[in-house]
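Consider the two complexes below, in which subunit A is the common component and subunit B and subunit C are the respective partners.
Moving on to the complex of A and B:
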């Protein structure tokens, strides 16, 4: 098996090896804390390299062409800029800011820079109401919440959580949805019927109930939340991909591939999937914000991972002190709003760029 | 006599549709010899393409199914062959060229990559070797600056170039049989001549056996060694090209009318001849000879009995009562 050892094989073997290694480490070396998310990162990274990085690298000219088209959409470029900024923030930020979970009651409810808060508080020792004045300073640029936690640190930590959940869950959902959609359309008949009825059942299944149940059984853990969102969120993708593939599979090049000796698996993976990649990219960018909001909603109602600080959790803390420390709720709200908007702009921009009929 | 490389015996490919059984290929019988070009001629919908797809085992099932007959290649019956073995035969031993190269090439890969993929699928070559081979193939089919052309996507090529790329791809594993399904229909006349040249050269340089499917009698005289004329899922006449075109005494009436339909340079400007009527329904075919409703020379017996094969001269078989013993008697 020394023949063709290209980037594709490497991208297949390397993640498999890494997963095996991590698994061994996890089982035999006690005391190591291998987060379950690591497995997902490795597996999805492999798929990402095979189907996104390597074809993009192989056709730089085409990438350049599409980039020229996307570039004409200012909002999409701004959105892309914001997403990149967010990714950088999530990676570098935690090293620069304080611990987002550090509680300090002396520093509670400090407003952001440039704001002053006057609140009357009841002092236990004297039994009197005194007026406390707090002014924002650069030590806590975005202020603190009612437990004195630094808001900036919490926002940065939340950015990481949101991006992780958004990318990983969408990655799982897309991989599953694409595979099921393509297989369903390509084989047709009974296979199609079974897979699509299964999709229908999954669609009607109350995903929130499932999540509450699973969180109750296994405890709230980011990896479990990602898995549940990913494993239930593929249905729409599967339908879209199926309908796209239905028109592709009657094209003559599929017959030609078979006439020249390609197997079914080969036809599916190297001829059908690459032809729906542009659709997948658009679905991805448009479904990431949905996932991010879903995670925020879960954290908001208290079903999120308590070990990590996410935007939904901050939002929940801020909601209780909305009358005094309004900034605590505003900050994660604005971030959620901007993130969702940015992904939507990018998705729209990509869709227009990939649409051959649009005269951009 | 050259040796036979592919023999199709009593092939029956039916399509089972809601409206009834379509006998797309019904009792077809022919042989392809080594290094020869056999032309399969007939109107649209007479079963030429289905015959080709049956050979490669690519008839969509359901609704289609090969219900009878044998296709013998290299001692194997392709009808009952295992799918895995069939996949090895496709492309490596028997390759096919499609009518419309535009839709037969994958739009998201460069033609170089597609040929390389094809080579690597069937051989143990390294990527670099395969790439070099792909460029050589592109050169062989007459693509100018093949180095550069290999990095083009199908939509960047002209129709003729695409068709050549398709031919290069099907040649990549040096198949022994090449099935060409109307390879010149989608290109213009000058390109058509060039593509025919390529086939002519391939036949000589590679000793490839060609099964050339077309509806143009003009092409047949250009490239064919032997002709099989198909009508409504059946072969009505098989003969060598020279015999068929120069010996009109024993022609099948359908073949004569096909030839009459050709516009000639020497002819005065007249209305083009056409064959009256249309191809009969293959769900509910007429009794007796399938051609009798449209045949100018139809007799009473044609309505009742299917014509048997008649060997009129050596290597020339006609399925027509005009030459059969029963028909002669009446």
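Moving on to the complex of A and C:
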């Protein structure tokens, strides 16, 4: 118990200190312009340590038991492997590849390794069409687009964007959804009524159209997109967590905590939230793909952050050159598809593993 | 007894729908108001670009949007106008938004209708078969493909279909032709790729929902009783299991409409250039045409609200178990 509190307090103090420090640097040292996303990272990292890492560490035997169950689902393990690969790619990749925004018209429309492409191009000097044969080489393993940008570098940059948006926005949505769900169920009555009616209103908006509207109003910027997806995507979580908490609310350990004089805040944060953590983990893995696709779709229709290269943006460029450079549209979509598939497999595996009724 | 109960329920449900509708309008109003640029700014920038007199334009715009009035009056005006059918003016197309919507909704409607038919029929049939033959090879294949169908981003699927069937094989045109009459075979043909694009995700979802709804009911005792009575398997599945599975199925399908189908149709229209509501909202974004973008989000939300209302009422009417809650 005491050991767990050590980690908890550390996890509370450290992010607070870090945020304060970054804020000070941001305000007083003019040279360091800290991206708004950094604050999100630190805050969500703190929440993650308190509510996910520390309870998992405290109950290592249980974690081991669930891991044995997850391990039996081969698709989930494969999905996990792909996600780890993607994370590594996003972290290490940018150091190994060229600048994804470097334009070079001499190297445009080079096909991927193993493909040759014949295209007729108009030559300015002679005023005639000549047939150019382009063969893929290892300098651009996935080829280049119509501006000569390296596709592999763009894909790696996009992996980073997708993962960032996926993790951060899901983090916000889950934190918000859990809080609203738990508070709604715990306090009941008027609070429950107001919160759930608001949830109903938010749920009536079609998710993607609401995203389009808000990004259109507030401007396309990665931090805004993350915030908007996070602030609109919590409704489903809130409902699930609410119904889960409703069944927990009357259990003995909650009554015992209350009888011992624990405050409402303490009951919610240290007794209710940790008990819905397994449900939250499953919801998290199953909501990340939706968020990643939503971001890609926004970039695809031209509402993405123009400063970063994301998969949706590459796909958008690729659709315009389908007849000359088909690979530009194929590569980002394949990555997007595999990422979504991987998270779905892992989420399904986790759900089965946490379900005591399933006989794995 | 039954009649008054149902009437009370419908009245309660209608009142509730009105509250939600008011909430939707308020959320949109707040969003537009707290945004960094006001509709007038975007309108102005656009008109100024055409070299019109700034002072005149400002006066006209402020009067048009009522921006010179206090905020509560603006709020009341906003709701009043929408309720009376004045959905604003689209300057990029120079017509009232409501007219724009009246000419374009049919394209979205035909796409969603055809996709629903396609996905509904095939998805439900595969789902039933999958559940009846649980753990058979067909079941595994269906489950596998439904996983893929759910995971494939529909706008990418659309681009790939164009690449394969329109660009490589030349079977279809790469772009939607609006000159074709709506009720013609040629129009139906050019909707094949869009319907597959939108319908694949729906199909995969419906297969999964049907399968699990059927499995839930297959294990019930009344099924054993029906079999014990010696009823043919066809009757057991069709009359006893499927009839019980269909209600939760419809609820979940209706719920999908808002979260998946409308967003999917929006993207499908953009990929294929179908001039439906999604496409005009997309065009309006790049013309900074505020009223259109807001109106189309509102319309989609109201449609979902209405569909939910109808589903709830029908559900209550059809399922006697809910009535006594």
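Just so we're on the same page, the second predicted complex is superposed on the first by the 340 of 360 C-alpha atoms of A that agree within 3 Å, B and C clash if a C-alpha of one lies under 4 Å from a C-alpha of the other, contacts with A are read in each partner's own complex, and residues count from 1 in each chain.
One rule holds for everything that comes next: a residue touches a chain if its C-beta (ideal position, glycine included) is under 8 Å from a C-beta of that chain, and two chains touch if they have at least 3 such contacts.
Fair warning: this is a prediction, and the values are worked out from it, not measured in the lab.
When the two complexes are overlaid on their common chain A, residue A:198 makes contact with subunit C while staying clear of subunit B. Among subunit B and subunit C, the chain that touches a larger number of residues in subunit A is C. Look at A:257: by the touch rule set out above, it reaches subunit B but stays clear of subunit C. With both structures placed on the common chain, the touch criterion links A:243 to neither subunit B nor subunit C.
By the touch criterion defined above, A:337 reaches subunit C but does not reach subunit B.
Once the two complexes are laid over each other on the shared chain, residue contacts for A:275 go to subunit B alone; subunit C is not touched. Look at A:64: by the touch rule set out above, it reaches neither subunit B nor subunit C.
Legend: residue contacts after superposition of the two complexes on their common chain; A:135 is shown touching neither subunit B nor subunit C. When the two complexes are overlaid on their common chain A, residue A:104 makes contact with neither subunit B nor subunit C. Subunit A residues in contact with subunit B (one complex) as well as with subunit C (other complex) do not exist. Taken together, the subunit B residues at the contact with subunit A in this complex read 56, 58, 62, 87-92, 95-96, 98-100, 103-110, 113, 117-118, 120-122, 124-127, 153, 166, 169-170, 173. Residues 19-20, 23-24, 27-28, 31-32, 35-37, 147-148, 150-153, 155-156, 159-160, 162-163, 167, 174, 258-259, 262-263, 266-267, 270-271, 281-282, 285-286, 293-294, 296-297, 300-301, 304-305, 308 of subunit C are the ones that touch subunit A when the two sit in their complex.
Chain contact summary for the complex, subunit A toward subunit C: residues 197-198, 200-210, 212-214, 216-219, 289, 293, 296-297, 300-303, 315, 318-319, 322-323, 326, 329-330, 332-333, 336-337, 340-341, 344-345. Residues of subunit A touching subunit B in their complex: 3-4, 6, 58-59, 62, 189, 251-253, 255-263, 266, 270-271, 274-275, 277.
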